[in-house]
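Two complexes, one shared chain (subunit A), two partners (subunit B, subunit C).
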Partner chain A sequence: MLVSSSASRKGLNVPSYLFLLAPAVIFMLLMYAYPFLASIVRSFLDKSGAFSFENYLKTIDLYTKDIAFTFSVTLFNTACTAVLAILLAVYFRIRQNRITKILSAIYKLPLFIPFVVVAQMMNSFLAPHGLLNVALAQLGLIDLKQPLQLFNFAGLSFGFLWKQVPFAVLIMHGGFQMIDNSYIEAARSAGAGMGKVITRVLIPMNKSSILVSLVLVYSQIVGTFTLPYMLIGGKIPTTITVDIAHRVNYFRDFGVANALGVFSYLLVLLTAWYYLKTKLGETK
Partner chain B sequence: MKRTVFVLLLALLVAFGGFAGGAKESAKTRLIYMTAGDTNMLALGQNVLGPGFQQKYPNVSVATIHTGPGNAGSQRILEKILAEAEAKKEVWDVDVAMVHEIFMKWAMEKDLLLNYTKELETWKYVTSPFVKTSLGVKIEGYGMPMFHSQTALAYNPDLVKDPPKNYAELKEWVKKNPGKFGYNGIKGGMSGVSFVVGWVYAETGKYKKYAVEGPFEKDEINTWEKVFNELKEFNKYVTITGGNVGTLDALNRGEIWMGPVWVDMFFTFMNEGKMDPKTRLLLPEPGMPGQPMFFVIPKKAGNAEMAKKFVEYVTSPAVQAKEIVQRFNWYPGIDGSYIKDSVPPEVFNKIYKDVTPQDLQKKGLSFPLAQYFDAMLESYEKWIK
Partner chain C sequence: MSELRMENLVARYGKVTALDRLNLTIKDGELVTLLGPSGCGKTTTLRSVSGFLKPDEGEIYIGNRNITDIPPEKRGIGLVFQNYALWPHMTVFQNLAFGLELRKVPLEEIKKRVRSVLSVVKLEGYEDRYPRQLSGGQQQRVALARAIILEPDILLLDEPLSNLDALLREQMRFEIAQIHRRLGITTLYVTHDQTEAMVISDRIVIMKDGKVMQDGRPEEIYLRPKNRFVAGFMGTTTFIEGTIKSSHGDSCVLKTSEGWELRGITCGGVTPGSKASAAVRPEAVEILYSPVATVSGQSHTENSFEAEVDSSYFTGEVIDYHFRLGGSYIRVRGDTKKILKPGEKVTVRIDPDRLPIVPAE
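The block that comes next holds the complex of A and B.
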């Protein structure tokens, strides 16, 4: 207890449990907070190290469209994930039979597949003469001379949903499982149909895990590099992450890369704030 | 508190010191070879160059470390060496590295490299103009080329009977065959970048000024608006593919009929059965850029002498002929005439069939001076959005 007594000698009354926290806190500050703040600070420095808005002017000049594109991809996919994941999770909650058992084993598969593999998969699956188009052509649904063009918003969204819906289901499903059957039975005996049970009982009671899972999905989509890079890397518009890589790889321009980074922080800021709020609320 | 932290840090240091010391004690010299480039470069180091060199020098073990494709791979090597320099380490970990042209500029600016190539036995075989300057920076003495990478247009001869011979004809061709020409923009890999640079050379006719003689003048950039507006129009008729590999895949699947590729990747694909063997190459007028991959030795490399022997080994006519040309179908780093006799004629004819040595001489251009290069890439983003 030598440590805490030396602290109190200086007149500070620091509870000793703080010292137990110190390694974790120092690690967090050093490995997360410092790089985060440094990237913000450096986005305001020009090449000579002086304060300037140069990086932001260039970012707005060249990449406004990409920022808007990233935002729309993210919003669209988070919304789609919400609908699909809630439907699946509710289905798993309400029906428990052999089909759901098989499904619930299979749906977890994408969780263990890294994005780079997903990207390569989508690359050959969604290509104009890829598996999907060839299959559709075999069925006589499309003409292979005019295949579906999917290396764009649609294909990117397909890839994101394929990967993110299972993740959201996993979190939501846990929440739905916590809801006691008696609530559902009570609602039904009061005359509620299945639709009402879902919208009035299940979803409201599981609100926090639904929102938390969507916040996580949202921020993952903003930060994903490989999938957009491999599907629409050279296209216009593309995502912020591809632009960041481009600035660094071709120009060693960390200033604009950091400014782009700050825009992606802004995109996730709202949701991050909400996430922290709910998380802190839960611990109280 | 302070004392606890201090003791902990000390314990950590001792532990790390122990590990580091342990590694150094082994009797063999461990040659650390870091390579940028695609996975084929890793395979080359691990399966071919390393074992071959170890056979010659049994006391050496070559550890190949792969950093990834494109400039990003070279960038990672730079970060590593730069970090060691800035930490003022006396002996640096990386003994020899394989890098792109842009690395030479970055590393020369920071004075990170050893001046060594003229001491090599094999220097006399090198005739490429690329070893003198790279992106406008004098590099003679610092980089030894292992192979030359060239971009060219690959096309399917069944579908393209009369391929365009220059950029102007290509413009007409895409209008007649919309969507059948594909390239990967400028953010999806260097084959697309190379196509765009070739476009600027063709449209401005100022290759000499932009890539060889200079000087850099800002006013030049302002004259490019038309050049890139034309390219924007051109882009309306083309398919943007998903990367260097994306272009090759799309060609092979028949989605596009023509597109810019790296010749070395093209032949690797063909050797692995991933590309229709009928596919042909052509270098359109006035030419397209290429670049060598260079061996460099960091200034304070621990095993600089052994590293020189390694570079000498790889650039010897025998290894260049057998491994670089015959096995991988790449253009050699040393002058082709020194290897012609040791390579079967069918291999030699295969790689020089469509793009002849004369073509390479005339139309194998270099990338522009760094400032022009940056300006071209940024103009693309500025005008085509």
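The block that comes next holds the complex of A and C.
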């Protein structure tokens, strides 16, 4: 307040403490806003530099299946992550025993493994003669001459869940731990079994961290390159990120790559819109 | 019938015994308060009754129904928590309707019962508010309403007023007592606030180390403590030590090491020759501002002694004096019109009808 009034005495319209933000704002503008806006602008320019929808027409013509594939993989894995992470986080919250202690130590391990390593692991684990198929064959569940083909939607989902569920559990678990026992006990004394306690009390009370974790998971899946690249590569359908790399590496076609980028922004924008809508609703 | 009965309850936390063969019966419609210092076992008792803690030994009955192994949600017990535990994502209506919805009560009936219970706690018209839009006192009332709307056999209250400010706490004591009288639900109330316990209880159970030290009506507990612990826990008590010189029915005489004699009420079965403590409370002591002749510090008037002001504290309503009385210290409340200075000597008289004499520990 004092700084503000001294600033107004000097005839400035903005409080002087706002200048403290300048380095961060400049950094954000240069490193995030400028490349982001530049990629959108360039997606509307043809090779001669004139305004055109050519890149979008080409993108729609060539990559509609991949955009749909990316969206469906992302939605499916976000939904599966939600279910699995909520179940695990709730279990950690309501049961405190030796099993939860062991599980809560183990589940965090994937968080410390980079995507590229996960991709390599999945590559050997899910391969036609990889560990999974061999194990299933030894159990007599499949014939190794006709192994499960997992370098597709299923294998990609397996890799994403392996990596993303622990991340979501970590955030959700923190939120569930903040809920005092008395809220659970109040529900139980009102006649609620554990199922009702979870659905009517624990999950709604932890809505915020569940939402944050799923928005982050969704955004990360949309933007992940290494896992789809190493599992699916250029096969059709693949993800937008692989297509972008393909356009840049093989055709130096930054226009279509930028247009594909705009489609991934739009996919992420969906969650940003939902997140802001929910947060604004909570504030009201 | 909703009598609550605990038989030989034992609860242990590792090597610590929190409840040591507790036997307690709360009659139908009675409000009993468990009172004691932290760690005495009162919350463990409440949690055992509510079903959130399984006692190591013993049994709990509601009427003739053994509820020891019944899960909390099937016990028919209403709970009010210290932090109210209102679900923040639900409105007042939804908080109150929760238990009724689980019992599949029709919506119209739910609405009727919510309105009715809100009128009991004087919160008509607050149905659509969220807990964050209510004051602490209002939240406490909603918590109480949520517990009683299910018409439980037993109501348990776990220090429900401890989060309120002093003024509101005093007001809510009377309201809880009135609501209990109106509804007549068998109630177990846990607190460490003795005044709260005195105001609202039909009966008080003083606990220490998982055991019942005394169980009785509030006035009985206060005026006839059975032992030094209870005497010390209730009121602002200081002790004068000595030996019982004589005992006649309800009255006995304690002789101190200075040779002074104090007459008081026989409590806890003190007998002549036994070591005992006189529990002096400020309201039982009168300051005689005019000097009274004494012999070796004791006046000819019964229970009157020479005392020296050690320190004094102005509290607004009264002066809180610490007097030196022979080898003991007592606390006395004095009139603010005349303030005594440290070192001044006066005569004090201790009312024998308000002086419990209990066995020394």
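Observations, loosely collected:
Basically, the second predicted complex is superposed on the first by the 261 of 284 C-alpha atoms of A that agree within 3 Å, B and C clash if a C-alpha of one lies under 4 Å from a C-alpha of the other, contacts with A are read in each partner's own complex, and residues count from 1 in each chain.
The definition used in the following text is that contacts are C-beta pairs under 8 Å (C-beta built on N, C-alpha and C of every residue); 3 or more make two chains touch, one makes a residue touch a chain.
Model, not experiment: these values are computed from the prediction.
With both structures placed on the common chain, the touch criterion links A:Tyr17 to neither subunit B nor subunit C.
By the touch criterion defined above, A:Lys65 lies against subunit B but remains apart from subunit C after alignment on the C-alpha atoms of chain A.
More residues of subunit A are touched by B (comparison of subunit B with subunit C). Once the two complexes are overlaid on the shared chain, A:Asp243 sits against subunit B while remaining clear of subunit C.
Applying the stated contact rule after C-alpha superposition, one finds that A:Pro128 touches subunit B and leaves subunit C untouched. Legend: residue contacts after superposition of the two complexes on their common chain; A:Lys235 is shown touching subunit B, with no touch to subunit C. In the superposition on chain A, A:Phe51 makes contact with neither subunit B nor subunit C.
Contacts of A:Phe251 after superposition: subunit B is touched, whereas subunit C is not reached.
Once the two complexes are overlaid on the shared chain, A:Phe151 sits against subunit B while remaining clear of subunit C.
Overlaid on A, the two complexes show subunit B and subunit C touching no common residue of subunit A. Residues 1, 3-4, 70-72, 75, 106, 183-189, 192-193, 239-243, 246, 249-250, 253-255, 374, 377-378, 381-382, 384-385 of subunit B are the ones that touch subunit A when the two sit in their complex. Across the complex, subunit A meets subunit C through its residues 180, 182-183, 185-193, 196, 200-201, 204-205, 207. The touching residues of subunit C, when paired with subunit A in their complex, are 50-52, 71-75, 77-79, 81-83, 85-89, 98-99, 102-103, 146-147, 150. The touching residues of subunit A, counted against subunit B in their complex, run 3, 6-7, 19, 22, 61-63, 65, 123-124, 127-130, 147, 151, 229-238, 242-243, 245-246, 248-252.
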